Amino acid sequence: MIKNRRSQKAGLPPGTLIYIGDKKVEKPRISLIEFDEFHVNEKELTDLTDWKPVSDGKTVTWLDIGGLHETKLIAQVGQYFNLHPLLLEDIVNTDQRPKADDYSDYLYIVLKMLYPADNADQVISEQVSIVLGRDYVLTFQENGKDVFDSLKSRLRAGKGQIRKRGTDYLCYALIDGIVDHYFIILERLGERIGALEDRCVLDPTNVSLGKILQLKKDTLYLRRAVWPLREVVNGLQRDDNALIKESTKPYLRDVYDHTVQIMETIETFHDQITGMLEIYLSSNSQRMAAVMKVLTIITTIFMPLTFIAGIYGMNFEHMPELKSPWGYPAVLAAMASIVIAMVVFFRKKKWL
Amino acid sequence: MIKNRRSQKAGLPPGTLIYIGDKKVEKPRISLIEFDEFHVNEKELTDLTDWKPVSDGKTVTWLDIGGLHETKLIAQVGQYFNLHPLLLEDIVNTDQRPKADDYSDYLYIVLKMLYPADNADQVISEQVSIVLGRDYVLTFQENGKDVFDSLKSRLRAGKGQIRKRGTDYLCYALIDGIVDHYFIILERLGERIGALEDRCVLDPTNVSLGKILQLKKDTLYLRRAVWPLREVVNGLQRDDNALIKESTKPYLRDVYDHTVQIMETIETFHDQITGMLEIYLSSNSQRMAAVMKVLTIITTIFMPLTFIAGIYGMNFEHMPELKSPWGYPAVLAAMASIVIAMVVFFRKKKWL
Amino acid sequence: MIKNRRSQKAGLPPGTLIYIGDKKVEKPRISLIEFDEFHVNEKELTDLTDWKPVSDGKTVTWLDIGGLHETKLIAQVGQYFNLHPLLLEDIVNTDQRPKADDYSDYLYIVLKMLYPADNADQVISEQVSIVLGRDYVLTFQENGKDVFDSLKSRLRAGKGQIRKRGTDYLCYALIDGIVDHYFIILERLGERIGALEDRCVLDPTNVSLGKILQLKKDTLYLRRAVWPLREVVNGLQRDDNALIKESTKPYLRDVYDHTVQIMETIETFHDQITGMLEIYLSSNSQRMAAVMKVLTIITTIFMPLTFIAGIYGMNFEHMPELKSPWGYPAVLAAMASIVIAMVVFFRKKKWL
Amino acid sequence: MIKNRRSQKAGLPPGTLIYIGDKKVEKPRISLIEFDEFHVNEKELTDLTDWKPVSDGKTVTWLDIGGLHETKLIAQVGQYFNLHPLLLEDIVNTDQRPKADDYSDYLYIVLKMLYPADNADQVISEQVSIVLGRDYVLTFQENGKDVFDSLKSRLRAGKGQIRKRGTDYLCYALIDGIVDHYFIILERLGERIGALEDRCVLDPTNVSLGKILQLKKDTLYLRRAVWPLREVVNGLQRDDNALIKESTKPYLRDVYDHTVQIMETIETFHDQITGMLEIYLSSNSQRMAAVMKVLTIITTIFMPLTFIAGIYGMNFEHMPELKSPWGYPAVLAAMASIVIAMVVFFRKKKWL
Amino acid sequence: MIKNRRSQKAGLPPGTLIYIGDKKVEKPRISLIEFDEFHVNEKELTDLTDWKPVSDGKTVTWLDIGGLHETKLIAQVGQYFNLHPLLLEDIVNTDQRPKADDYSDYLYIVLKMLYPADNADQVISEQVSIVLGRDYVLTFQENGKDVFDSLKSRLRAGKGQIRKRGTDYLCYALIDGIVDHYFIILERLGERIGALEDRCVLDPTNVSLGKILQLKKDTLYLRRAVWPLREVVNGLQRDDNALIKESTKPYLRDVYDHTVQIMETIETFHDQITGMLEIYLSSNSQRMAAVMKVLTIITTIFMPLTFIAGIYGMNFEHMPELKSPWGYPAVLAAMASIVIAMVVFFRKKKWL
């Protein structure tokens, strides 16, 4: 969705930092983790004044910032790590598409974090920026919630290879964590689609077009979100890049496989929804046909009867039947046999 | 849309300058800016006789011409800067697609400037030609309004990097300024679509097909305008070119990201409109079904009643019911109970 | 469209010259132009016996043949210029797709000339073959009309660069002349579409499906004709080829831009026609709905009235209302109020 | 169409020769032609025992086998010419897609021969395998009919270049002969489509959906058959291959042009059929609308009349009109004027 | 279909072995075959403790494991053959897409084995992982059933080339065995489609939309399963790879041809189903039209009759017809002639 506020930037020089988005947290959270294979050092900072990144060639610095509305802070980080002004602009412009830009000294990756809203069916999308340097990783999130908690505790515990393998593996782990969350969204969407599909089979008259179209919209939205993500991960896994070691590539290929799997699930969803639409439209036209049949049956049965009654309601003086004592019962009997003939006819036509 | 006047060129030799388009300004405006890092010199000229471009290797000359119907002036500029006759022809043929032609000594870029018409929903498209040389930039617009005003004041003020970075950065800034205007068009279109979508949900009977199709047309028009623009910017950003420095590439990549974002927004619009069409068609057929139901209910209730009235309107002499004092009330009671049975039946069928 | 006569060639060895097409001219016209920068020599020949092409390295020979049914003449030209038998076969098989075949010593280009038929809406397609050699250009047309007249007079006048630039520029000028004619066809089609579109908006009931589908067919036909043309011109402009000088490439690129523009206009036409189809189908179903509404209103108003009349047409002896002097006016009043209630109801439902 | 018998091969080792298809000829026909520029030697063999291929570097051996159910014979040929077991398997598996496999020493080409069945509209597809070696060409057909007769007589007569140009030209001539037959199928299909299209315009009510869909199916079938054929010929014409001389390439390019032309005709057929479907559906819904109109007109005219008759059928004692001598004619006149008003109304609405 | 359990892996480090899927066998089956050209040694193991792979450069070890829920066993195999942790994770994550990952020392291939469920129409999909090393092949299946039985007996018998050609040929034979099973699924699906198609032609009113859509779903499911399979086999056949010998490539190309054939058959199925849908929808709307016609005919016949009866039911005192002795028979005759006129009219309109 386009943000209204982007147009306010028309005419400004490039690199101007203006935060586009809602302020989601009162004060930005700055958490710092410095680690090498044997040590972990974790701190929450209030500002970056007086701070200096370690650069002993071994220590990996991970600076994780939550909350992007204090553009001065972003500018400060940019100065410390000598980042390109356009990169800083992209961090605060939270309507970016997922992409990976290679600035030779560092790699800039923008992703979308998706998580379910508190109230049922909606999905909240948040921009996560990752800057991968030779001995540092910077992450920028829109709010203060920490989506990387499980990763941080793995770092603290020193489990797995996370502490031994340098910045590119950390970057992979961050991306992997984000992509894993997509499966949760996918499962929720899948459940909603499955539930509606069941209703479509059991009681199609009660399914509303609006709900089907809403699901379609959500699926298209997800597809549009995952498509560039797939491209980004594919690029990281395939292209040569001084910052990403050959030994990390299989892990990125694994993430890539996940994104392909997600795309495929979305395609399946799309087919399911298309099928539902066809059932919906068809059941609608069948209900219409049922109404028509009732109308036709009623008309077909009563029109001849009413006509016969009309005949004997005529006031001709010379109508011998009227005088006969058997006239009335005979007419009633004739009417009854017409009704029976009709019903038999409709049975044969399978309208009843 | 194809201009009728293009066919008048059939049979003429290439390079013949004939202005295709409406004369939008009485007299062409010629504004000249010469600048280097420390000086800016700005002039409005009335003609180019006696003028000579500075070429001291440092000064950047930007010649901005508004109004293309005086083809002699265009030819004069062509002579001064030694431009290819086909290029000059393209400048005055204002039905070009956006494109970038590389003439080794200079680069010729055609873009479309879009801005909203004064009366609400329409979009005006105007051709902007940019010639990027080693120490000059030429711009040609159809009318006298200056779409580059904010850029010129940035040049005067010397803010940002605009004065330090040479012709390619100026060219980038021009393109960026044009692309930024697309967001304004996009937002307006988005608002119109959103408004119609709301109406589709609240009161679908009042939405007209014509309006939906108009929006679809506008969206397709925009897509067709942005698609080649994207290609042009992608080519500038990716291809090697002696006139565009490596350090300017990230800025062009940034513009490219914007065009991709615009394309995506347009795709979303397209999906929204498709959804509206489906709702429109479905609500139409539902209204039809509602009409059918009313018809059927009326027929089903009154046909048997009228038939019964017809029965007792017959003139048989031997109809004992007619003599009974309870005959009339009994028939009325029977009719009432038929009506009640019908209503219960329809309630069960969910037609009422 | 497939020609029936192609099947008669099954089983014949390749290179057999059989003219496929209608004989459009009594006797082939052979016109010869020999020129260099300073001289032009123009002749109409009756046959090619005793004729010999000049080959002094400077003179350009342009042999333009109209009428292909005398295959002996084609074979003779083939001998003079040492052309491949398959090429000669392609010249007389007038159901070729546009293509460019490179026979190293010469280039063979097939194009389709389109021009409007005398009676309004039809398009006549004719095959034009161009053979581009180092110092000669051969053109073969199906009929005797000369589509290259304006080019010949430019040659005679020596205007522009046409006499200075050799065979490849002449070849470009020929292609350009043909492509320019497409714009005329396009404008005619555009006018027809525009006229029908206007009618669709003003009076959709009077638009016939047949006309819309005819326009769609014409548009598809044109698209199919232009698509390979675009490929041919693109190939000429992009590929390396000893026969086409670098300085002629920008001109071919210009023709290529024209073909792209034509393709785009056709796409726009296609969208317009799709929109018309949607309006047509929708207006059809709306007319149906209007008929339904009339039916339902009539039924709904008169059924209860007829029923009431039926009630008081019953012959019961004990119906006190019948004796009352106010019975008749009271019933009429009741009927009137039912009608009024109905009308109010339908007004509210927006059916009236 | 999938053959049932392929599943019987699951689990067998590759290279097992099992003929999949109908036995179309009692005994395989083996015809042998050995030729060089000056001699032709033609024989019908009964088996291959005691036979040895000539290999003097000049003679071309063409072995043409009709009937594939004697797998022993196929295996024998395989031994003589040292063919790969998979190739032999492909020869007898007659559900292959057209393809060209390069086994360096020889080239294996599978094509589909299409010819019309005796009874009108059907097409019979038969597999033709061609093995192109340095000095031999092997062809395998399913039945005994000889589709290469005209080629053989050209060989005997020594007309054209067929005897001078070696195995690759012979192979080209075989492919060309097969592709030429496609035009016959195409023309038949085109005639059927044209005939149905005429009927669609003249009398759409009599066109059956089944026939249109059958044509669509046939067109899709043909498209699916031609598509891989095109790829095969394109590969032969474009790729480097020691067995195909440069001088034969233009001939293959010519065949390729034919396949492209066939594809295009098929696309046109497809469009025509789509148009017919649209006309069919639209004429259906228009017939429905016509029925509705009749219904509505009848109802609208007679309901008010019947109501009026009902009024004066009421048995009120105080209805002054009933006593008037002009009552009856006045009512009849009123009814007549209602009918006239209705008809005028419907005329205006264009329903009559 | 997305598995619910994948989301439980979010946040875990990569390489964590968690089996996703149903436990299909009580205890994993471990079968070991060691063979060279002259010997075969076949064993069923209960666990892998104390076992060591032979590595004499000649013997090929094939370890076939059925049942993946004992992740310890998988980890053990991983240790023996030094496999990448991500590979092991992929083995137990049974929702992989078919793919081939090249880990330079070995090749990891994931495929889907499809076989029909016991109850008629369903298809069971099971993941088969193949690890191809220089002198070993590992296969991992989900259940204990052995889909490779026929291959094993070929190994035992030493028939064909299977024992002479090393690990890559064994790997080919495994893939070939799996792909051959697809034809069985395809034939079943083809039979179901054919049966429904016959019913569509003979008695379209009895075909249910649900069945058609189910077939469409199954076809789409199959397409989605085969598509990546095709890519995998194409990659193996085309790419250079130290583990796959040049002489095995033709065999893989043969498998590739099979996958292409399968894809094509699926496309044909898809077209057939689309055709059925069109017939279904059209026959539905034709039934609707038939109902309408009955309604219209009844109304058109009886309305005028009832009206006439109503006329003569009016109570005017001065209606001379009522007194005439021929009045009644004349009216009846008039009614009869109206009916006859109607029937003739409808016959002409082809409604009867």
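Residue numbering begins at 1 within each chain, and the chains themselves are lettered A, B, C, D and E in the order written.
Methods note: contacts are C-beta pairs under 8 Å (C-beta built on N, C-alpha and C of every residue); 3 or more make two chains touch, one makes a residue touch a chain.
A quick note: this is a predicted structure, and the numbers were derived from the prediction, not measured.
**Q** Have a look at where chain D meets chain E and say same if over half of the interface residue numbers show up on both copies, different if under half do.
**A** different
**Q** Report the inter-centroid distance (CA atoms only) between chain A and chain D in whole Å.
**A** That gives a centre separation of 43 Å.
**Q** For chain C and chain D, let me know how many angstrom lie between their CA-based centres, rounded off.
**A** Measuring from centre to centre gives 27 Å for this pair.
**Q** Among all residues of chain A, which ones touch two or more of the remaining chains?
**A** Residues 285, 288, 292, 295, 299, 303, 306, 310, 313-315, 319.
**Q** Which word fits the touch map of the chains here: line, ring, star, complete or other?
**A** The chain contacts form a single closed ring, each chain touching exactly two others.
**Q** Going by the contact rule at the top, pick out the chain B residues touching chain A in the complex.
**A** For this pair, the touching residues of chain B are 150-151, 154, 159-162, 173, 176-177, 180-181, 183-184, 186-187, 190, 201, 250-251, 253-254, 257, 260-261, 264-265, 267-268, 271, 275, 278-279, 282, 285-286, 288-289, 292-293, 295-296, 299-300, 303-304, 306-307, 310-311, 313-319, 350-351.
**Q** Which positions of chain A touch chain B when the two form their complex?
**A** Interface residues on chain A, with respect to chain B: 1-2, 4, 6-7, 9-11, 13-15, 84, 86, 89-90, 95-97, 99, 101, 103, 205, 209-210, 213, 216-217, 220, 224, 277, 281, 284-285, 287-288, 291-292, 294-295, 298-299, 302-303, 305-306, 309-310, 312-315, 319, 321-325, 327-328, 331.
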